[in-house]
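Next come two complexes built around chain A: one with chain B, the other with chain C.
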Partner chain A sequence: MKTAITSTGNHLDSEFDLRFGRAGWFCILDEDTGKTSFIRNEQINASHGAGTRTVEKMMELGVGKVISGDFGPKAKELLEKFNIQMIILEDEQLTIKEIIKKIQN
Partner chain B sequence: MPRRKRLRKIVAPPGFKGYRPFGNTSRNSGFIELLYEEYEAIKLADYDLLNHQEAADLMGVSRPTFARIYESARRKIARAFVETKEIRTFYGNAWMNENWYRCLDCSAKFTIPLNLPEKTCPLCKSVHVELIA
Partner chain C sequence: MPFKIAIASGKGGTGKTTFAVNLFRYLSQSMPGKVQLVDCDVEEPNDHIFFPEAQFEKLEKVYRLVPEIDQSKCTYCRKCVEYCEFNAIVVIPTVRFAEVNSSLCHSCGACIVACEDDAINEKPEEIGTIRRGFLPSGGRISGGTLKIGSSMQTMMIRELKKAVSGEAPITIFDAPPGTSCPVVAAIADADLIILVSEPTPFGMYDLKLSIDLLRELRKPFGVLINKSGLGTDELHNYLLNQGIELIGSIPFSRAYAGMYASGNLFNDIPEEVAFAFSEILHKLHDRILQHEGDHHSER
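Then we have the complex of A and B:
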């Protein structure tokens, strides 16, 4: 299964991004192989509908879990509908690497 | 300025958009709006057979308020039957009851989608999780 983690940058030492729809990057982790890839978020400067379009992107990528700091009401409703697990972490000091380590332990 | 309506908690929206009478002897005379919380009230009281106090607690409103929602729902349905009106469902003043859990070991908050049976933390695999009300 694939997991998406919202990130401020495009490498493993980047800090975790607390925003979902307007996160800078998404780190896509394949939990079976342990491979990661980074995808730039095109919705970062969208004036509206960023959450909705980001959920659509997640569906396209086949993501089953998303880790972020918060989800807007529309994003929440959609993620719930598509059975995508939402995980909220409130610690913004974490780096992507540390989060991945937590998952793989 | 009337007091604002508190949001009523519902477990799931109705599985239909509306009901339409068939074989009408009179012409179709419009529709009535059945709100999600009214559907939920009928479901809790007459399908799940809860008493009004239990149902009110589930929806996060007082018992008298529950009784008003329930009464309004019954009257709307009665009106639809007698006046052969369509019933259409509308969102109303409801909010969905999402289930959020907190992991007691790593303090992550998470939801458990319907297709995942186990209640474990998705981050640290801990089984020490609690439901956040």
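Then we have the complex of A and C:
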């Protein structure tokens, strides 16, 4: 299964991004193979509806789980509708690498 | 010839409503049956509160059209998503999902143009209400109330204006504060805009923004200094240097502020405030008559 982690940058040492629809990047982790890739968030400067468009992106990428600081009401509604699991982490000091380590343990 | 005056300001709390209701009350007495007040601050309308003697008609509902996707016709091509400036449409082909989020939709109609499969229909959705009434003295008073959370301020103001246009030859628009779209909608068709300001650093700063806006719109305007005596002379000097018309000054009065706070603006007005008001209102009254006169002579 693929997991998306919101990230401030495009490498494993980047810090976690607390925002979902307006995150800088998404780290896509394939939990079966352990492979990661980074995707730039095109909605970061959208004036409206960044959250819902990001859910669209998650569906396109086949993501089943998202890890972020929180989710807005419109994004949450759609994520629930499509059975994408939401995990909230409040520690913005963590790097993506550290979060992945947590998941794999 | 109809004459429309808009009362506006960049900063909130400068006295737009105070001045608008006073102007309305004065003109509706000096020109009975010829004046209406239109409260364009549709997010927090409160002009009517100062006229408990007004009689109001049944509220009229205002609707907008919101697109709805007919999933039996939708081919999930996502063209509507690309057209939508507001990211209000979500289409996910893999799960055959297509939906409009009405709270993000601005009813611009672009998605309908985009759709080649005739899969988008529009359905009405209420955005607010219009309240219309009249005073025993004959003046008409109306206002709009936008539904909480709606982003359709501009449309609400336009619909309100459409609904009351022609109800009286002289119209006073009480505009919302700020310099964005709702303000532009409120002042767009005004013949004269009165910017209400206060002689404080905050008042100055926001007044300059409003002036920039009005210059860009090429609208005739003047400035009314409210709560004068507070702060500094900077505002006066600025208007002088810029060649901006000073409509008048109303002195700051703690007693008058107290009356406003209790919802009473018209009785037992402190003398210095009453004097300033009467001078300004008189001047505006003459200006309106002159406007009417000019038009008659044109004919």
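Everything that follows uses one rule, which is that the second predicted complex is superposed on the first by the 105 of 105 C-alpha atoms of A that agree within 3 Å, B and C clash if a C-alpha of one lies under 4 Å from a C-alpha of the other, contacts with A are read in each partner's own complex, and residues count from 1 in each chain.
Keep this in mind: a residue touches a chain if its C-beta (ideal position, glycine included) is under 8 Å from a C-beta of that chain, and two chains touch if they have at least 3 such contacts.
Just so you know, these numbers come straight off a predicted model, no measurement behind them.
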| request: Return fit or clash for chain B versus chain C, each positioned on chain A through the superposition. | output: fit
| query | Is A:His11 touching the first partner chain B, the second partner chain C, both, or neither of them? | reply | neither
| message | Could you work out the angle between chain B and chain C as seen from chain A, using CA centres and rounding to the nearest 10 degrees? | response | 60
| request: With the two complexes superposed on chain A, say which partner A:Lys74 touches: chain B (first), chain C (second), both, or neither. | output: second
| request: State whether A:Met59 touches chain B only (first), chain C only (second), both chains, or neither. | output: second
| Regarding the shared-chain residue A:Gln85, is it in contact with chain B (first), chain C (second), both, or neither? | first
| Can A:Gly49 be said to touch chain B (first), chain C (second), both, or neither? | second
| Is A:Lys35 contacted by the first partner chain B, the second partner chain C, both or neither? | neither
| request: Using the superposition on chain A described above, determine whether A:Lys102 touches chain B (first), chain C (second), both, or neither. | output: first
| Overlay on shared chain A, then closest C-alpha pair between chain B and chain C (Å) | 11
| task | Mind listing the chain A positions that touch chain B in their complex? | result | 65, 67, 76-77, 79-80, 83-90, 99, 102-103, 105
| What does chain A use to touch chain C in their complex? | 43, 46-50, 52-53, 55-56, 59-60, 74, 78, 82
| field | Interfacial residue positions of chain C with respect to chain A in the complex | value | 81, 86-88, 90-92, 94-95, 97, 101, 103-104
| remark: Residue positions on chain B within touch of chain A in the complex are 96, 98, 106-116, 122-125
